[in-house]
Structures are given as C-alpha cells and as structure tokens.
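Look at the two complexes coming up: chain A is in both, with chain B in one and chain C in the other.
Right, the complex of A and B next:
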C-alpha cells in the first residue's frame, strides 16, 4: 500500500523516540507528504503558537510514492508553522533524503519540544536515536555533512541539516539535504535550529515493498516515464537548460522583477540566463554549467551542476569553492541577479553556493538584499549600518559580501537575516518590502502576469510560485495558453492550479512532472501503489481539501482576508516597460470571485457547506 | 525594414553569423509575417512553440498575418518550462 505505515515521534525535550502507526483514516483523506503532515500539524499544535517556541512541531514527511520507482519519486517535505510568515509552512525538496527515510521504513518523523542541547537524529532502518551534536553545532551544512559521514563511517548516509544561518536565527533559513538540495522556503530551517536540532542522518536499506499491485505499478510508472520522455519540456527542455531557460522568456515578456520590483525588465538578463550558463568563459574556456543532475528516481534531471571561474574575485584563494556544486536555478538567478541588478554570473553562482553551504533561501535572501539596496538608495540605510559596504543596486561585491554575512549571522547579516518585511519595517518603509504575508516574491512580476498576482496573494505560505504556477498557462501555454494581461478566468485558473499542486505535493512526486503529466497520469500510479481507489477526481478533491485545511490553520493563527493582498507598488505603480507597461496588478477584480469559486464567504472564510463537502467540518 | 530576431535555448544554433546574446538584427520585407521569418532561419514550425512579438505571444493561427513592423523584436523558443 506504499505507505510504510509507521511514524517516528521524537520528543526533543525528553530525548525520547517512539514509533506509532500512521493514521490511515487521515492518509485516505490527505494522501501523504504535504497534505497528511499538514493534517498532523493542524491536529497537534495551536496555530497561534510561537513558531520558534517548543510548542511548534516540525515534521519531515514523505509521500506514498517517495522511494518507489515512479519517476521523480524521491520528494520529501518539511512542515511546521513558519517564523517568517506566521502561516503554515511546507517546503519540498528532492535529492535523496526522502527516499532514504522511506527506505528505512518511515512515512514521517515528527519532532516536538526543544532539546536542552544541540542534537541530531540518527536513523538506521528501525533503529533511531538522538545523538549529541556538539561536534557539528556551529558548522556549515557542508561541514556537517562531511563530519557526519566521517563519524558514522558510512558514505551512503543521507543527511538533511541546518547551516549557521539557521543557528543565528535568520528568518528564511532552510533545511539542506544532499549538499545542495533544500527545503528552502518559509524558514523551516530556522524552526529546526530553534529546537536545537542540527541534522537528520539516515540510512535505509529495507526498500519500499508493500505496493498494492506490483505488476500494474510497474506498467503505470513505465507509462508515466514514457510520457515524460516524449514530452518536449520534460524530455529535452528541462534536462538541457534547467529552469534557467526562463530568464530570457520572462524578461522578454516584461515580467522580470528588477531592482526590488521597481522595473519589469533587466538589461543584464542574458548574462545570467540558462543560455549564458552554456557559453564558454574567457578565462578557461569552460562554461559555467558542467552537467545536469537528477534527484532520486527522476528521469527528467533538471538539476544544474556548475563551477565558478577560478579567477573570479569571490573564490581566489578559496579552493573549497573551486569544484562543482549545485548551480543556479531560475529562482535563485532571478533573486540574486535581476532583483539586485547584478549581472555577474560567477558572483551569482558563488552567492548561491554560499546559500547552500549555510542553508538559507536564495529567493528570500536576494529579495531582502534588493530591499536593502533600495533603502540604501533612498539614504535610509547608510554605510554605518552595512559594515562599510556600498550597498548599491548592481554591486556584485555587496551581494557576495552580504551572502557571507548572512551565512554566519554577523554584522549587517543580522539585519538581512530578518527578511525583507522586518527589514523595511525596521527602517521605517514597510511598503518597500516586496512580500505577501511576510514571504518574499518569486521571479514573476504580477503586473505582467495577472493570474500570478492572485496566486501570490492567496498562497497559504505567503508569496510563492510553487502553490499555483499559472505562469505555465499564462506564459508557457501549458496546458493551454491564456492571456497574461487579462484577469478573465484567472480565479478559476488559480484555483485549479492550487488544488492540483497540493495533490502533486502530497504524492511524493516532483511538481515539475506537471509540465507533462496531469492528475490523469498520476492517478494510475497511485492507484496501483496505494490501498483504496485513486482517480484524478479524487486527487483533485484531496488537493482542495489540503488547500482549505491550510487556509483554516492560517485563519486560526490570526491571518485574515486583509493578508490576501500585494505590496502597494504592484497595485498602484504601473510596469515601467514591456507589454504590461502602465499596467498594475488588478487583484481587486479577481479576489472576490476567487473567494466565490473557492466556496468561501466574502471575508475569505470557507463556508460551512464547503467545509462539510470536504470533510473539514 | 530592420527587425531584431532572437532565438533561444536549442534554437540558438540556428542564428545567423553576427548574433550575440541570442539576438541579431535582420532585414526583412515590409509587412512580413512571423512564419516567413522563422522559415527563413529554418526554425521548424513545430519547434516554434513560444513566439513573442515585442513580448506579446502570437498564437499559431496568427503567424501568417502581416503583423511584423520595422523595429519590432521577434523572439522564439522551443517548448520550455521552469519554475
């Protein structure tokens, strides 16, 4: 039945680990991973709790297809209440840790309380114990990974851990796994460090054997892989250019957030694009991009493996950065690049390495640097605050020094670790923070892509592209092209994307499969693997249930429909260039109708009929 | 008249000499169509998935219309996505 049917509960306050059966009634309703762990969280914590206090819980969770042979079936998520937003957080990551956890025989690990001293959790199949983390506390994620491999004398050990930024209280620290994969958004790493939990080190050799109908599963996953292989996006576009192919697309479409979203096209976009990553550099004739890479069981392999030019100022005399490491994905390249006005590909690649090394979200970091640059531009921050750094838009030096400071939580890095919202509030200009519910925007200006404005405003974890990626339809024509400048039909489109995404995120599969797969491709794989009957309709219903569950958590936590909004800049200042020139995001035209199609009242609260229909009453 | 042609991702190899940053200025006849341009540079029509004229998407049914004017930018991609 694909679920391991076993949950590990770790009480960090008492230092105890116990196992318990998975709640199968909930699994039938919420499937797994994002949905199921959110259900556990909602049942077990007070949504009003202090996210950094012992009352918050942190759940590392797999989906039913995690660890199986389904393509991309290696995903896991970290679920908790977010310190960045005060809303529910769920950050999804690939790599190998999720599959390892599942192969050790666990569906999820629930961490509760707070350890009196730094610890890490060691799992080897059924065996789980908390170990002293004195030797790794204060170390980067990369050093932690190395030390734990050495300590346990096991090269196959998989590790998810926090870096120094999380220990220093950076509000957007993530959990790094397999060196350069991250449950990156919403500060889930900050919560982990606040619990004095440094790492999960896991080794699983049991396999995922309890598939409902193995032969049918083999056929269904094979068919799924054929669809991915024959689709031009998942078969060719993503492996070859990665997500970074979007840099020029979004820039040409005039929806490239630039210099803290003051502008909508970046003149340096080409220099930091996927195409530029393929071009040989002058110094050594090698391109930035070395190879593509895949997460566990993935047949797409969109990951980027890159080097920084050894002659670049950032890594001269720093041999630890001379090798290959996780390269730029579009979101990182945008935030570190166009949002800060920096067009130096090597500086961006280096800053991205540092984000991975010390575990902080490059989107939130880049956007916070951009906000700081605007405050500096306006004279509200001076070199007295920036440790003497000239914090100008376009300064690669400012960007890379800022990354080093946030990594260690030193000097101006403490301010930058607050995130854009708290930083702009501190310096008296909250309206300059390009955030929703306290979370920084991803790489699409909603003045040029109207549906994304609604998707950002209503995303349950704050501004996010991975909660309802209408860019697929509005710009890329997947599954059908819609006009990015029109609000027509967007509430329905946003809801459809949000619900389907929640289902994908609850399965153990990567959302990028959705460029080729619909839920009709996912359902046969789940149905062959999992107890019960799983159709596309049922999955969509699960997605809608998860969305409403998250919404209820947020409403109880104290968020209201007033939080379903966008920064003034995007609602009142027209785009400066491109097809959307002069246009603002017309959220007001879309939001009331969105509430209606969701079955919510005019205050954005799910009606009792909606709750009953979804079994949430 | 002169226009700017941009071919991205795998289509970049089809750009004529003189191109830089995936863009080149080309001379085309007045009132030409997007399809004429992509045919001239041997971009297979089925690979011209995303075609933007000055940043605005042109769907396949409009690519035989004389909608390209002097100074315009035509940018073309094969099927791509990201996120």
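Right, the complex of A and C next:
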C-alpha cells in the first residue's frame, strides 16, 4: 500500500473537518502528491475561479513514499490555482512536515472555502481541529513557529505556515515549514492566507507501516541509496556545495541571468558561490556555511545552514538573526545576487533569512527587485516611489531594505509584492518583466541553454526550472550530453524531462535524486511499497498523464498557446557575452515540433487521441 | 570484544534514517516516534545530535527494575527489556540519568535500545558515518588521534597557526 488511504477534508467556511478514503482509482492513475492532488483539484474546482476567492481549494499532499526509508522520502506539495499565474500551481517542499502528516495517518489535507476569522489546523494523529489563530495572525513564520510550539507544549510538533507577506497579499508568498523549507513558488502561501488559514501544526506518531513487500522494499531503497552515494553530483557535489555547486558552472556556460537578464555572465559570481560559502569571512574569520542539513530521510543533504556576520550592517543589533538558519540555495543566490547585481554574500544570506522568516519566494522576489532596478535605471521609477531608497543595480542596501518591506507589505514593498509582471505593467513597460505566464524565471538564461527556453515557455506553472530541467543534459551531461546552443532534439528532450519530473513529483521523493536516478531506479522502490505494479514505463505514462491534466486545467482557465512564449528580450536581444554571445533563444524552431511530440494540435491543445491514450477523455 | 555505538554529532545531517531503521526493526513500522535512538536538532547552533542508550555496565535502569525485567545480553552487553516481564511501572525511566529508557503508550511497556542483538540497524542506515558500531574499547581512538595530531610539529602548523592557536597565544602573552 504505502498510501495512508485517508484524506482530511477541511471546510474553512463552516469550520468542519471530515475524513474520507483516498480515491484509489485515481491513485492508480496519478500515483500521489503532485499528480493525485492535481486530479482532485481538477475534479473539484472551476479552473476559471478567482484564485484568491473561497471557490479555490488548497491541497497539502504527500506521496506514497513520503515517510518511508526511501532516500529523500519526505516530500510534500501544496496544490491550488495560482494567483501569480492564473495557472495550476504545485509547490514542493522537504523538511519534516510531509512525513509528519503521513505519520499522523493522512495522505492529504484538502482545504476548501474561507474561514470567517483567522484559524490554524491542529492535527494529532486521527484528531484534527481548527483553532483560533488570533495569537499568530500578523506574526512572521518564525514567530508563529515559536508561539505554536509554546502553546501546545510539544517540541516535536511540526509546523507549516504563512508569514506576514502572505497576509499582506504578496503574489509570490509561499508556505514555510520547519522554519526554512518552503513550498515556495507560484503564490501558494497567498492562497492559504486568503483563506484566513495561518498554519498547519501536526504531530504524527502512527508511522508508515503498510509496505507491500517490506524485505524487497528495504533492498530496493538500499540499492537506491548506493546509487546516490556513488554518483558524483548526489554523492559529492551536492553534499559539499549544495545546489550552489552550480553558480560557477552556469556562469562559465554564459547562462547566468544578470541584472534583469540584460547580461548573461555575472562578474561577482564567485563571491556568491558555493565555494565562497566555505571561505572564512575577512570580518569574523568564520565561513558563511556552518553545516549541511538533510530533509527527512534524505541521504544527500544538500541543505545549507549558514550564519551572517554579527557585525554585518544588516543584522547589527538584531539578535534574532545572529544564529544559524537556512542558507543560500543556488536559486536564491542567483535571484538575490546576480539578477540584482549584488555580490555581498552576507547581504544575500540575510535577504534569504527574511524570505524564510516572512514566507516569500526568493526567486520571484529577487527577479522583481531586478525589474524594479531596471525601471529605476530608466527613470520610470524614482525615489518618490521607492520610499527614498536608491534602487540601483548592485545596491545591497536596496535589496535588503526591499526584503524587509515585502516581508511586512509596507510602502514600496506593496509594489514589489505584485511580482515582476504586474510591477512592469504598472509602470508602463510590460516587456521588461522576465516572466512566463506571470512567473519569474529561475537561474538559467535560455539563450545559453536552448532547451530551457522551451521548458520555460511550456511549463504548466509558468517559468520554472523544476518542471523540465534540461540543464542536466545540456550542461551536466545527465543522462547524456546535448549541445546547449542547439535546438536539435530539444522538443523530445524537454518532453522526456517534463514527464519524468511529474512522476518523481508524484512519488514522495525529491527531484534532486534525478541527478543520479532515472525512473528505472524509482520503479523498484515504488513497486515494492505500493499496491499494483509500478514499472518505469508505467511511471512515465503517469508523468505524461499528469502533464496533460495540468495543461487541460490551464486551457480551461483561459490560457492559450500565446502564453507559451518568452519575453522579447530573450527572443530578440542576443546574449552580451560568453559562449552564447549574440545568440537569442530560438523558441520558434522548437515549439511547433514540441506540440507534435506531445500529441497536441497546432494550438497546443491535446488531441482527442492523446487524451484517450492517457485516459483523460 | 564487546562493541558499542559510537555517535559523532558533527557528522549528523538530521535525516532521521536511523530513527526509521530503529522503528522498523523493532516495531515493523517507519515511525520516528517509536525509535529508540533520537536525533535532536539545535536550530540556532545549526547542529544535529543523535542520542541513545550507552549500555551502562552498572545500569541504573536494570538495578531499579522491581521485577527484573531488564537483563544483560551476555553476547552484546546490551541491557534488554523482557516484554513479558515488564509491568510498565516506569521506575527505570526515572532511574536512567540519560533519559534513554522510555514508556510506550501503545504496549504499556518500556522500550530502550537493545543493539538489535549485535547488528544495530541505526548504524547500518546512517549515510554519513555519524553512527558506527565499533569495538567498545576504541570509541575514543579517533578523537585521541585528532588531539595527538594537534601537538605534532608539522610544516603546515608552523606555516599557518590556527585562529584558535593565535587567540590562545595572545591571551597568554
């Protein structure tokens, strides 16, 4: 089995909680987590609904391997319609909350309606109730965590919550769990706060015991761990440098989006890299990095635990930031750093702390600050709008003050909380927004990595690196090397990555295992744990089904093939330096063929044969 | 020779594989709440530390037990709880100075580490070597080696005294 076979339905409008069996027919088709919760969402809401209205639902969901000994088996996702994009959203997080929810005996929690007053959900195994959140509403995620631990007198309580940015309506607020892990993208925290739902506090002591074939499961997971251990990326690169192992690699490749993607290499990349996090600071002699931290069940441990120098301007006299907390991941380091032109590692680490403390996505935040800096550079925004801040590229002070303003939703922070697309529209230059479907780009310039342009343009949640990471093939040579500057074979490559990723995201495992694992490594683990037969072929089909289901949701919501595009800058302005110098992204060469490979018509709509083949008709 | 669990907190990443291995071996379920070994997170310090029974020779829990439900396994040295004898009085949980004997609400008995009969699952599951099962006489050997090396007049230590050494020197002079 591995599924807990139980769903908690929480009606926030009437304050009721009920349990129901998991729909196993759907589980056989959609597996769990991203796939299965998306199926529930598609069946239960109108894709045209207002994402911030009571008719949207928010689902916190685990996968069948969440809470087991499978390496990285601790993931959970938050699924809803996104206010940032108007598309389907699924944000994935590690830490411990997913496993705790599963240990309490639940596969997923479906929140519907809107509470008349702020509440939080408390779960202790079978027991679930909505409690008054008056004491935590208006508090940061860190304060909320502290208060709930104190209120319930339980140090082992696990907490997922929103910070003040979400309450203030920031469009890219996430759901923070375990203080510094996040279901970060697409504004899933904004939806949670719009429902007057502040937190989930969970304690599970029942465990996960219904493994189909325990002996085979232990053997399969042990074999999986061996593969991770012996792989150069998951066994060495990620443990040593975290995802920040990529900073210098991507910069060398000339695919480092810099200063709102005006440039493709950042002169300060080394100062904010994984290597730099190991170097002793000149000021206090300590390195930025203290230790690796693993999420639940993870044998890779790419997580970073860092400090900021106590004398750094950002935290002088602010003892709440003097201890260790979640350090920079590559995506945060890029967005807060090279995209804004800031090369002060401690300033970035502080901004990242603030993103965690008040629950907003550092990618979207950094990219929005970058867009604002370009608008400021062009004179379209002045100090009159920025609360007097000199909003220049390269200004660490502007970056860190901006983070504090977005955290509280104050002053210019309200504008920045709109996200890059709405901000650039407001100030009359929509083409300066580096977004797809309203979501900000992650850390790979698609002029230097052609396949990523197609992956961004077609990703169902808007621009995203976690929906089809062809960087693995184009730069790192996993599973085989392709030319990053060529469009040859990229439609097929993008589809293969997208489908496999959707399967990983539906399992309870972390996508980062896919640096070492293919679905051939995942299948034996799932097959030993779960009822039914789970081969790599079947998982790939599940992935394709999930992809098409999400696509159909978006089409019904009103998105069209016109939304499968990139900002003009990437299609018309050549890369300024590096190996891709002079090149644009040749999306037009890839997109029509991608639709064919997908079995979609020329408008990007899945054909009836495709829908029938995948059981979506 | 008897073996003992050697715990090295500086290597721990907080993944809880040990807790799952322990609960699975003992209870047939992946459940950190039922683990005999616990990993503690110290957030502000950025550290994790695994902790479990050290198998005291003169075990407080064993001496405190009024029904002699805790016995020595001669092969492993482990102090094991005889479930059929234990009456769940919890006196051992009070006697243990380290808190490593705990009451299980589900069974009405106490639970503690029994070294899995000489093949501890936590050590096998630990991905970073923070938990190993080594000769009990040698658990301190590596730490001794590290200290011994500090006193060694190597070229490197002459060329670049450590920050700590400099501070110590400055304080002394």
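Methods note: the second predicted complex is superposed on the first by the 617 of 617 C-alpha atoms of A that agree within 3 Å, B and C clash if a C-alpha of one lies under 4 Å from a C-alpha of the other, contacts with A are read in each partner's own complex, and residues count from 1 in each chain.
The rule is short, and it goes like this: a residue touches a chain if its C-beta (ideal position, glycine included) is under 8 Å from a C-beta of that chain, and two chains touch if they have at least 3 such contacts.
Values in this document were obtained by computation on a predicted structure and should not be read as measured data.
*Asks:* Do chain B and chain C fit side by side on chain A in the superposed arrangement, or is it a clash?
*Replies:* fit
*Asks:* Put simply, what angle do chain B and chain C open at chain A, by C-alpha centres, to the nearest 10°?
*Replies:* 80
*Asks:* So, does A:324 touch the first partner chain B, the second partner chain C, both, or neither?
*Replies:* After superposition on chain A, A:324 lies in contact with chain C alone.
*Asks:* Once the shared chain is lined up, is A:69 touching chain B (first), chain C (second), both, or neither of them?
*Replies:* second
*Asks:* Does the superposition put A:244 against chain B (first), chain C (second), both, or neither?
*Replies:* First partner only.
*Asks:* With the two complexes superposed on chain A, say which partner A:253 touches: chain B (first), chain C (second), both, or neither.
*Replies:* The first partner, chain B, only.
*Asks:* By the touch definition at the top of the document, which applies to A:179: first (chain B), second (chain C), both, or neither?
*Replies:* second
*Asks:* Let me test your reading of the model: by the given contact rule, A:298 touches which partner, first (chain B), second (chain C), both or neither?
*Replies:* The second partner, chain C, only.
*Asks:* Of the two partner chains, chain B (first) and chain C (second), which one does A:209 touch, if any: first, second, both, or neither?
*Replies:* Once the two structures are laid over each other on A, A:209 reaches chain C alone.
*Asks:* Aligned on chain A, what is the least Cα gap between chain B and chain C? Give it in whole Å.
*Replies:* Checking C-alpha atoms only, chain B sits 14 Å from chain C at its nearest point.
*Asks:* Can you name the residues of chain C that touch chain A in the complex?
*Replies:* 13-17, 20-21, 23-24, 27-34, 43-48, 125, 127-128, 163
*Asks:* Report the residues of chain A in contact with chain B in the complex, numbered from low to high.
*Replies:* Result: residues 231-233, 236-238, 240-246, 248-249, 252-254, 270-271, 274-275, 329-331, 465-466, 469, 471-472, 475-478, 481, 483-484, 511-512, 515, 578-579 of chain A touch chain B.
*Asks:* Okay, in this complex, where on chain A does chain C touch?
*Replies:* Those residues of chain A that touch chain C are 67-69, 71, 96, 99, 103, 156, 179, 204-209, 214, 218, 225, 229, 285, 290-299, 301, 303, 305-307, 323-325.
*Asks:* Mind pulling up the chain B residues that touch chain A in the complex?
*Replies:* Per the touch definition, chain B meets chain A at residues 6, 8-10, 12, 21-22, 49-50, 52, 54-57, 59, 73, 75, 77-83.
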